[in-house]
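Below are two complexes that have subunit A in common, paired first with subunit B and then with subunit C.
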Partner chain A sequence: MNVNQSGLDKFKENILSLGRSFTESYLRSGKPTSDKSRTAAIVNNFFLHVQGAKTHINTLRPTYTLGLGLISLFLLIITIVSGVLLMIYYNPSIENAYNSVKDINYVVFAGKLMRNIHKWGGEGMIITVLLHMARVFYTSSYKKGREFNWIVGIMLLILTFGINLSGYMLPWDQLSYWALLIVANIIQSPKELTDSLGITGLFDIGAFSKEIFLGGLNAGKEALTRVYLLHIMLLPLFLFIFLGVHFWRIRKDGGLTKPDIYEPKPWDSNLMSVPDKKGGIFPTNKTYGLMELAHGRTPAVDKDVENSVLSWPNLLVAELAVFVATLAGVVVYAFFIDAPLKELANPLIPENPAKAPWYFLGLQELLSYSAFMGGVGLPGIALLGLALIPYLDREQDYVGTWFSNRQGKLVALQALVVGTIVNIGLLVFTVNFGWFRSWWPKVPQLLITLINPGNIWVGFMIVWSLWVIKKTGSTRMGAIALFTMFVVSYVIFTMMGTLFRGPNWDFFWSTSQWPVH
Partner chain B sequence: MSSEAQDKSGVSRRDFLNIAAFGAAIVSALGMLAGMFRMFKANVHYEESLKFKIGKPETFPSGMSRKIDDKNLFVLSDEGGIYAITAICQHLGCTVFATEWGYQCPCHGSRYDKDGNVIGGPAPRALPWYEITQGADGNLIVDASKEVAKGTKYKFS
Partner chain C sequence: MQSRFYLSLMLISGLVLLMFMAFAGYRELAPEWKKYQKEYKELLVKGAKDENAKKMAKNFSVELQQLYLGDLKRVDRCTSCHIGYDNPAMANAKLPFKQHSGDYLKNHSVEKYGCTICHYGQGRAPEKDEAHAAIKATAHAAGAGAQEKQARKAAPTGEEHKVHWDFPIIPVQYIQSSCSQCHDSEFLKNKGGGKVVKGEEFFREKGCKGCHKLNSIGGDLGKALDGVGSQPIAYFPMKDVAGERNTYSWHKQHFVDPRNLVPESEMKVNVTEEEADFLATYVLSLRAEEVPKKYRRIRDIAPAAAPDGEALYKMYCIGCHTTGKESMYDEIFRRTIPSIKNPAFLKAVDDKYIKTVVTEGRAGTQMTSWKTTAAGLTEQEVDKIVSYVANDRPKDKPELFDVTKYKADTKRGEDIYKVRCALCHGKKGEGALGINLRNPVVQNADLQFLAMTARDGRANTPMPPFGKKGVGLSDQDLLDVVSYVKTLSKAKK
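After this line comes the complex of A and B, so read on.
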């Protein structure tokens, strides 16, 4: 700074250097051109610092993560943006809701595309979150301190389902209304059990919960207000909280899981940029960072942290690529496929068949055996079983390896084949021969609640997994068998409800066989 | 704290006060939570009454059956009298429709006979019958909040 400068000169210089000084003030550590400043770019950035300054190469391998967690996050962001835009025109009242959605579809500029993006982004999340769970499971990533984070993940799965379902009810068309009514009655279904036990008179938990959910006795205006509240406020709020915890714990666990012994493959060099040590505090390749000493058994002297690369740019570029691909995928899909909108809700005429959204059609198949077991009992057992996996399988080997080992692959394959055959066999039997009530019309309800195809299937999964544990002497193998069968049955039951059930919930090979009505 | 004091009462004064203070804080917090949750249960439902008129007895001659759509109700009449059976499926709340042999639910395939007994599908209980009374103006009044025993038929003049 020249002392002879006049005040105006200084002012002029400040204006001319505005761009540079603003960038400097934002990037306090200078442009990310050296390893030091690249590290600082991550560590000093509020949004980026949830990620480590360095990333293990294994994390960057597409075949390890398949990018599923990341895709889920990006779909969430896409859904939030499109959802806020839809809120400009949507009106949550039973008088106006349907018309406002119709307006969005046919009048509002880009309204239909935005609604499609919102719908498919949200439903896409269900698929990617489920697949992400499968990835985490099959790579044993719920072990070694990540047990609780697995449970947080289960909460996120439940919230994903809940947000999707509550959104399904908002357009107030026939689909919305009958889904709302059926969900309300599923909430009421503990009554089936209390009736059988004869204790409904003491406290009707079913009717009480239904009334809390609907804000009354009927699916009407109060119910729409509550569902709207759930969809745009309560469930997203909890989703963000759990998501924050989910990411925070991944960071504290030292990033994603990786195999204990990691051999870089030739292809991995594509992921790495050349280390650049200029500008660091050490003149040579020495790294004494405390965070790097904390987890290893020996201090890493004179070499970089093993098999890790700087997150800037290696990780960020990969993330950007996934984001662009996700956004492109959703927009293209939404451009060609329209979100359904049926007639205005009519409480007098149920849809026939009245089908839930596809991700719940597996449950609806179970519901057609017993309302309580299908809607509350079996999903409860499944979610509890999923949540307890890390606590019931405490073997710490093979973390970060797909299917653990050769035996794991065989167990998974065996469970896939046996599960498919048994599950389809059970459905074929039920469709052909019916169940207790078709044989003995006077059978007590309690017997059907306790013994129906759904319960038998869940019982079979448990027995099979216990048998695998006994045979292999490994709880991990039992977990693989159980989880594989869970995935198999989710897919098969969902396909059954989606493709092969028609009017009156009868079996049809295809929708072209449905009777005209 | 002396061991003597503990021997006497089992809990020291300091511990007692600590427990009392934390206990009071937890109880009042739970009370607030309960109050917040209670807010979800509406005191008044601005909905149609469950008790409604269906017309004079002579509009239901013996042998007729009529569905009152907006009330989700079947009103039937035979030599035994007039009776009302709900059209709401006891499985998950869809509306059943009348068939030759009874009632069929379109949603999950529940089937009922003409008296509302479950004969197929997942429904956990029979279709309830409702109480019918006669008002001062001669109109019949169905009370959908009062279930009556199956086979209860009413004769009106």
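After this line comes the complex of A and C, so read on.
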């Protein structure tokens, strides 16, 4: 720089170099053209540094992750953006909620599309989060220090359900209102147990919780305010906290799981760019990311470095591609299929059948056997069982391999077939012959609470997996059997409640057979 | 190419995304109402008479129209398509450009009243299907005939479009039901509200309130009718409604044939197609929500003279008892409705008896209790009805029957009953052509009354006189048989 320059000249030069100096200030390590600056681009960036500077090729393989966690995250981002746009018009009062949703559909520019995107993005999250859980389970990715992160994941699953459900109630149409009542009744379901134990008079926990949830005895404006609060603030807040922990722990664990022995395949070259050999700071086959220098048993220090590639651009390109694909999928779905909006909520006209949103219809099916077990007991057992899996199965082999080994595949297949047959058989029996109440009308409720098709199914799952553990001598095999049956029954019960239950929760082969009002 | 897999994924899904964003954008930028307004603009330009008008027409700007009606809690966007509603040049144009018919808008400016307050429909929706909310009959019923299913298959998918809106646009034949929200019938009579006035008249004179409560006065065999005109579709069984499935069609078709829509209905109605229109129009005017006071033009006219006995009889009794001159077996009630203005009956009973029956009703039959705490009539009104009914009582007093003169023998009475009475009143008195003798009123009546009825019969009914002047039973026979009749309630069915 010329010291003799006049002040004005310097100023002029600064203006001319504005673009360059801004870029330099933003990318303090220069453009990501060398290995060094690419690494810096990741570790110096607030948003990107939750990812390692280098990524194992296994992580990039779509056949390993199926991209499910990423898709879930992107769906979340899509729903947040569309949700904020909806909030501009939505009015959370029972006088205006319905009308404001109608206006969003009818006159807000792209309002209907935005609402569809929000709705399907949110419900899509349920599917992708569940599938992501299945992927993590079947690849044993809950082991070797990741046990707690599995529990965080389950919290995220519960929050996903909660946010979806609370959103379902906001339009204040018939669907919202009657789903709200069903949920209130689920919350009230401990009453069935306290009633049959005769301690309701002492403390009616069921009615108390229902009143807290609805903000009164009936579903009205207080309930809508509470549900709105849950949907837009409380549940998202917890979701972000748990999400942060979830990602942070993955980072601390050295990225995603991978098999102990990794075999590169020729096709892998389609997943990454060719490493830039020139100008790198790292020797070709030996690199240390920042995490690799940390001590402790969690990060994969010095392991498989030859099969790692720089996150910039390899990982970022993959992520961007998944994002675009996710967005395209949601937009196409939302373009063709409209989010439902029925008549204005009317407490005098019960929907028959009043159904919860589809993802809870499995629970509603269980609820039809016993309110307490369906509403609190069985979901509680299921969530507890899921949370305990990493602690009850402590075998540390085959991490990062789908279904562990050949035996695992067989156990999963066996559980799939046996589970499907037994579960459907149980439903066929219940539909055809009824249960205790239809045989002995005066049977005490406690007996039904204890013995009903839902409990029998859960009992069967537990017995079956214990038998698998005994036969194979492996807790991992037992876990595979149990988890497979859980997935099978979630799907079957949900399909039962969604497709085959009609007015008065009677069985119908299709909705076209429902009696017409 | 590097990262071939992900880059191609990005490329393909990016293209799909852009394509559908473009589709969505097009869909947003070319809504239905815009198409109509452009067509309207062409009409304007074509119809312009001089240069100036042409220039004005060309300046017509295509934009969404909205009537915000704060007082009525409505937002009507109907005029987005019905854009020529106030343009006299569009008097003969096709829909939706046609000018509003009549001179209604002169006194009902759309800025103040909007559209849906009279026409119903979904004002917020600027699309035809959603705004008109017409619900076509479709055969999604399992019981639907093959023919209907065929028709459904043949119908374009748009016909099956289900709009979740309870108040579809009201057909013009019932539109007068909206007028009476603000106008009284005196006004409407001469100002184009003839149908609803006629309907109200029918409603009064066909005895509808004999079974239906309105403002808490009336019988309780049928449903109360308060607010029935604005009840949502889900209240009505729509399964067998022909044509568009809405409450308007339901009311009309229900007046024509109640049991076609509600098989278990006991409703008695016998009206022509035209009268059914009037009645439907009136019933649809019974709405739950009142329009704000400043919109209403119901004048404080001097209350009409309190209805006399005849008017009250028509209002509350005529539905079942018709003229009251003949008794007949009623297929729907499955019992005989007594002829209460039959001189022979009136000769046998005094006013007090009739008044008791009217105020207390007859438990176990369709006869309502009309006292103030039940069906809601005042005592004066009941008296008026009683004296109207008793109008036809013959002057001569009936010959009394002295029951103390004989000793009743029910065993003998049973034998006579089997021969003489069982044919009409049933073997156990359950009633057939004749009335049910087991009903509480017969069972609680005194012997003298029953014996006199058996002796003298009921003129103009199938009940003949059984006394010496008729069939020829002795007074002893008569007493025996009515004593047996009084034991019927204890006998097993």
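Here is the rule we go by: the second predicted complex is superposed on the first by the 486 of 517 C-alpha atoms of A that agree within 3 Å, B and C clash if a C-alpha of one lies under 4 Å from a C-alpha of the other, contacts with A are read in each partner's own complex, and residues count from 1 in each chain.
Going forward, a residue touches a chain if its C-beta (ideal position, glycine included) is under 8 Å from a C-beta of that chain, and two chains touch if they have at least 3 such contacts.
Small disclaimer: the values here were computed from a predicted structure and weren't measured.
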Check the residue A:Leu113 against both partner chains and state whether it touches subunit B (first), subunit C (second), both, or neither. second
Examine A:Ser370 and indicate which partner it touches, taking first as subunit B and second as subunit C; both and neither are also allowed. first
Considering only touches as defined above, state whether A:Leu392 meets subunit B (first), subunit C (second), both or neither. neither
A:Val417 contacts which: subunit B (first), subunit C (second), both, neither? neither
Which partner does A:Ile349 contact after superposing on A: first (subunit B), second (subunit C), both, neither? both
Output check: A:Ala325 vs subunit B and subunit C. Expected answer is one of first, second, both, neither. What do you get? second
Please indicate which partner A:Val84 is in contact with in the superposed arrangement: first for subunit B, second for subunit C, both, or neither. neither
Interface residues of subunit A shared between complexes with subunit B and subunit C: 349
Note which residues of subunit B are touching subunit A in the complex, please. 40-42, 45-48, 50, 69-70, 91-95, 104-109, 118-122, 124-125
Can you list the residues on subunit A that touch subunit B in the complex? 178, 181-182, 184-186, 188-189, 191-192, 195-196, 211-212, 215-218, 220, 222, 348-354, 364, 367-372, 374-375, 434, 437-438, 441, 445, 448-449, 503-506
Which residues of subunit A touch subunit C once you look at their complex with the stated criterion? 62, 99, 102-103, 106-107, 109-110, 113, 173-174, 269-274, 313-314, 317-318, 320-322, 324-325, 327-329, 331-332, 335, 341-344, 346, 349, 512-517
Can you check the complex and tell me which residues of subunit C touch subunit A? 2-7, 9-10, 13-14, 16-17, 20-21, 23-25, 28, 64, 66, 75, 77, 122, 124-127, 130, 140-143, 164-166, 232, 234-235, 237-239
